[in-house]
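Paired with subunit B in one complex and with subunit C in the other, subunit A is shared by the two complexes that follow.
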Partner chain A sequence: MKKASAILAILALSVPAFAQSGNIKIGGTWPLGDITGKQGSMAAQQAVDEINAAGGILGRQLELIVIDDELKADKGAAAIEKLVTVDNVDVLMGGMASGVALGQIPAMKKYGKIVISTGAASYKVEEALGADANWYFHLHPWDYNQGASYAQGWDEIQKKYPAIKIKKLFLAYEEGAFGKSSFDQTKILFGEGGRYVVDGAPFKSAAQGGGDYGSMLETAKAFKPDLFLWAGYDADALPMLEQAKAMKFNPGVYLGAPPGWPIGFQNSKLANNVMLYGMWAPSINDISAASKKFYDGFVAKYKAEPATYFAPLSYSAVYVYADAVKLAGTTETNAVIKALEATKYASPLGQTITFTPAKIIKHQGIKNQKILQWQNGRQEVIWPFESATAKPVYPFPKWK
Partner chain B sequence: MKLKTSYLSAAVIAAVVIAFPAFLGAYPLNVARSVMTYMALAISWDMLLRSGQISFGIAGLFGLGSYASAIAVMRGGMDPFLSILFAAAFAGVMAFALGFAILRLRAMYFSITTLALMEIFRIVMHNLHDFSGGPEGIVLSAPIFGGNSTALYWLCLAGLFITIGVSWYFEKSKMHLALTAIRNDETSARSNGVDIFRYLLVAFVITSIIQGMMGAIQIQSYGFTTPETAFDANFTLLPLAMALLGGIHSTIGPMAGAVLLGVASEWLKLKIPYGHLMVYGIIIILVILFMPQGLVGLARRMLRGSDKSGRKAGASHE
Partner chain C sequence: MANKRNATMNVALITAVAAAILVWRPTVLINGLQSAGLYASIAIPMGLILGIVHIVNLAHGEFMMVAAYITYMLCAATGMDPFVAMVPVALVTAAFGFVIYKLTIRQALKAPELNQLILTFGLAISMTQLANLLFTSQTRKLSFDYVSASLDIGDLSFGVYKFVYIGIALLMIVGLKLFLTRTTTGKAALAVGQNPRGAAIVGIDVDRTYGLVFALASALVGMMGAVFITSASIFPAVGSPYTMKSFCLIAMAGIGNIPGILGASILLGVSENILKAFRGTRGWADIVFFVLIITVILGRSIRGKKA
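Presenting the complex of A and B:
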């Protein structure tokens, strides 16, 4: 009897050790039919492969399980259920659209797994998470973070380059949640104290069956903006430029803020000197060794260039988690959360990722975006100046 | 005897489906909810189709139900469960009012009008910022039943059972005769005393109630809605494809199509993460090209074929 008890006791003690053996499983959900999700998941796999090639973490290999969320809330929620209950992942990662994140949040709350989110910029997601979601680590800036950083960026650019004068700003926004919240934030942050005059108009994105920007561009042209900004998707980039050219619409700054740009956009003659908001560009390789390592690894592995900042962001998510597990010495949730709170990761985005409180959640990673410009086929960083790779070309050239 | 067997089979299947949560985890239950939602929509679409009217407005009424339920909870403080009943009734009332205008139309004019209505509902929700939350939609404080997988599954299943029950009634009552007569020849149906407008209105209102109810169950299960998610064209296109795959003008056809396409979609996604939608699309095209009568039609043809060969074999033995 005593012997049996001893065996049982040994077995019971060995259970936690057994539970901590095998691969460390990362569950990723991205929209794989979209460039952001496709390249984001590929970059996450690249990071997993790099870490495994270097011996893994705590002597264990990483394993990435990716499920397509199809940009649909119900599919995204089902993916979370599968990753947690069937695949028994240690951490959840990924995401792009806020609408999908809103559908996933009830399942995430139910399981309380660590989530390292690479997308979901809408403040509605933060409100749905609430202050108690200490397991949620949000790498992507919130919409209000982005708006604030752009306002700061344009203030600083005008100070440094007095030739650039921006007073009137027009925002063309896709009619969905992403575009509308961008417009609302821009109105609030740029309109503060009457520094800028802001107007805008919605359009139906080509990604959602639209693609005719005529009336919106007409309104913009009549407004005579110094800065024309559009918030839509990659599918809108070229057709909108074509139509702007056809209508001879020539703002001082022509700026786009899609989550990803179409592959080969730089090959269009219209692309030169278009400005953009983003977090990363291959030109950052010139000033960041981490960026160069990521870029070279991605091109070598996939024979394609990363075309969206979601690639280095998702790559970073894997490293942030791996570093935390290494620091914690375990995959146990509370220990890893504590280790994640101490994160200081020199990311390929050209900045060090740490987690600080946002308006509601406790763990916000990146809080600012960059202002870039397509110059001779390359995305150059214009602002912040410490990451700048080129000076701005201003004004946007007249159409020929 | 045959009828008794089919009732018994239906009762056994229903019992098994009700008991699913006892042996299935949260993920299969979630997938089942999605399949059941599309199944109910496919059946409801088919119910109206039995009159010859092709509606492209499923997503419109589904979205309307979603918003009616969400707004009733958010603005009216209504109990989430009651809000589902309210949303179903609201969709029914809207369909009743609209029916007077659009049920005079036939063929593609009716189809295009229902498609336009879907878009109008979406645009209205987009622009009523203060009331509907605009493009950013509505986030509820929590999903119904605290997001409990089993309860959500049973809620969706209840919606599906109601749909199947009503569809079965449509098949077995004089509704079936009336709708079939209208589909075959309106003039002859009218001359035989069928009140065409009344029957079309009843079918349109009832199918709209089902679509509104399923929309309300969807929003209450996920706890949020936006115009893009509620009025997603997939809520029109997928039920249509499912009904065509399974076989139209019956209850069993859309059910079979929904199970097959719903499960295939999820399975393909797990097996071919980067190309599943393309394969899925090809499957739908091939099925519609080569099996225009759907799975049920194919099964019936095969059964008839085996009956005939059985009879021939019997005759030669004699």
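Presenting the complex of A and C:
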């Protein structure tokens, strides 16, 4: 009896030690059918391989287990269940669409695993999380962060470059939730205090079977905006420019805010001097060693360029977690949360990631987006000025 | 006599409405006709299959997507213009359509309609997923200067390129009319479409005719896929919205009524653009689509009951 008790005691003592051995498991959910999720998961794997090649963390190797959320909330929720209960992962990572994140939150709350989210911009996700979700670390800016940073960006750009004068702003937005939410935020953030005169019109995105922008562009042209901004998808980018040219619509600033750009967009003559909102571009390699390391590694490993900022963001998520585990000296949740709160990671996005409180959650990573411009086939950063790689070309040239 | 008077009144009414729209807001008519051309030229090949083979091809839009990708690769690799590439692409899609018919559709011709729908729906999903694997979901678009061709009338500047779709739709209608009424194969196809058993009794090879019609429709939608890339971005799911739209336009026109597809498309295109002209109704374009379909089909069935 004494012998059995001793064996049980030894076994019980050895459980924590066993749990802290073997691979450190990262459970990732991305939409693998979409370029954002596909490259996001590839970049996360790249980071895992780099860390493992350098000896791993605490003498343990990292292991990335990826499940395709298929951009569906139910698939995303099921993925969380499986990663936590079957794969027994140490941390959850990834994400892109807000709708999927909303579906995953109940399962995340149930298990309380650390989550490092690379997507989900909608404020509704933050509301669903609530103030108690101290295990949730959100890298991607919220929609209101994005809007506020653009307003700040245009204020600062006009101050630095007095030739740029923006008073009237027109937002063309795709009919779905993404576009409507962008318009609502823009009206609030740019319209407050009468600083800007804001108008807008919806259009059916080519991604949803649309692609005729005639009536929207007619409304925009009649408004005579200084800044024309469209919030849609990559499928809209070139056809909208072609139709704008055909209608001789020439705003001072022509700006797009899709999640990604079509392959070869830069090769079109129409693309030059189009501005865009984003978080990363290969031109940041010129000013950031971390960006160059990420970019060169990605191209060498996959023989393709990272097409959207979700790749460096997902890459950063792995490093942020790895650094925290190293600092904590353990994968134990509370210790890692504490270490994550002390994060100062010089990311490939050209900015250092730290976690500060947002409106509701305690751990918000990036709050600023960037204003960029297509110049001679490259996306150049125009603002924030500390990350700038070129000066803005203004006004958008007249159509020839 | 009464029919002639009705037709004259209809023409007068349509002309009056078109003139009123032109005076009120010319871009509504311009954009409406351009959209109508695109809708019609994609729907007509589907109408041909539905009218003769009597099968709803839910992979119709995906055939166009496949053609668009083939054209894109060809043009990107050789610098060829899509209007030149449409010839080899049409041949490839015709062969592809024929093979698909022989391997799959043919096996389900005598199966219940639900099985046929599931089969073509499965084909659609397979094609989309294969394209996703091969090309990823990132969109592709080639730029051509002529797509931005414009015309100025007073203060009004508008694009004229998309009128090419109206031209293509008219060419398809005339070409199919000539094919179906002036050629032996076309007449055989019409006979098979009207009564396959009767056609078989008089010695027409029904299976061969179905295969040829499927290949011809695939060639036509292949040509449209080639032209489509001039003005639109392509991605694996680009075709699917056009499948449903095409089917509904055929339903509005009446099965077998190829010229009617263009008429239904103009009604839809102009109605959509009338709604887009008002700030409060811009997002209703999809609703008008379903309202029109329900109205036309209901009206037709009520008239049928009275008759």
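By definition in this document, the second predicted complex is superposed on the first by the 400 of 400 C-alpha atoms of A that agree within 3 Å, B and C clash if a C-alpha of one lies under 4 Å from a C-alpha of the other, contacts with A are read in each partner's own complex, and residues count from 1 in each chain.
The rule is simple: a residue touches a chain if its C-beta (ideal position, glycine included) is under 8 Å from a C-beta of that chain, and two chains touch if they have at least 3 such contacts.
Here the structure is a predicted model, which is why all the values come from computation and not from measurement.
Engineer: Subunit A superposed: clash or fit between subunit B and subunit C?
Structural biologist: Taken together on subunit A, subunit C would clash with subunit B, as the superposition shows.
Engineer: May I ask you to decide whether A:Ser122 touches subunit B, subunit C, both, or neither, giving the answer as first, second, both or neither?
Structural biologist: first
Engineer: Look at A:Gly176 in the shared chain and tell me whether it touches subunit B only, subunit C only, both, or neither; answer first, second, both or neither.
Structural biologist: A:Gly176 sits against subunit B, while subunit C stays out of touch.
Engineer: Using the superposition on chain A described above, determine whether A:Pro239 touches subunit B (first), subunit C (second), both, or neither.
Structural biologist: Second partner only.
Engineer: Could you tell me if A:Lys38 is touching subunit B, subunit C, both of them or neither one (first, second, both, neither)?
Structural biologist: both
Engineer: Between subunit B (first) and subunit C (second), which does A:Asp68 come into contact with in this model arrangement: first, second, both, or neither?
Structural biologist: After superposition on chain A, A:Asp68 lies in contact with subunit B alone.
Engineer: Applying the touch criterion given at the start, work out whether A:Glu218 contacts subunit B, subunit C, both or neither, answering first, second, both or neither.
Structural biologist: In the superposed model, A:Glu218 contacts subunit C only, not subunit B.
Engineer: Does subunit B (first) or subunit C (second) touch A:Gln208, or do both, or does neither?
Structural biologist: Touch status of A:Gln208: both partners.
Engineer: Name the contact category of A:Val86: first (subunit B only), second (subunit C only), both, or neither.
Structural biologist: first
Engineer: In the superposed model, only one of 117-125, 135-143, 171-179 or 261-269 in subunit C has C-alpha atoms clashing with subunit B. Which one?
Structural biologist: Among 117-125, 135-143, 171-179 or 261-269, the clash with subunit B belongs to 117-125.
Engineer: Once the two structures are fitted together, what part of subunit A is touched by subunit B and by subunit C alike?
Structural biologist: In subunit A, positions 33, 38, 175, 208 sit in both the subunit B and subunit C interfaces.
Engineer: Applying the document's contact rule, which stretches of subunit C touch subunit A when the two form their complex?
Structural biologist: The contact residues of subunit C facing subunit A are 27-28, 30-31, 34-35, 76, 132, 136-143, 145, 147-150, 152, 157-161, 231-233, 235, 237-238, 240-242, 245, 273, 276-277, 279, 282-283, 285-286.
Engineer: Can you check the complex and tell me which residues of subunit A touch subunit B?
Structural biologist: 32-33, 38, 66-68, 70, 72-75, 77-78, 81-82, 84-86, 99, 102-103, 105-107, 109-110, 122, 124, 127-128, 175-177, 179-181, 208
Engineer: Over in the complex, which subunit A residues touch subunit C? Could you list them?
Structural biologist: 33-35, 38, 175, 201-202, 204, 206-209, 211-212, 214-216, 218-219, 233-239, 242-243, 245-248, 260, 262-265, 267-270, 307, 399
Engineer: Across the complex, what residues on subunit B touch subunit A?
Structural biologist: Residue list for subunit B touching subunit A: 25-27, 29-31, 33-34, 126, 134-137, 139, 142-143, 147, 149, 218, 222-224, 226-229, 232, 234, 266, 269-270, 273-274, 276-277.
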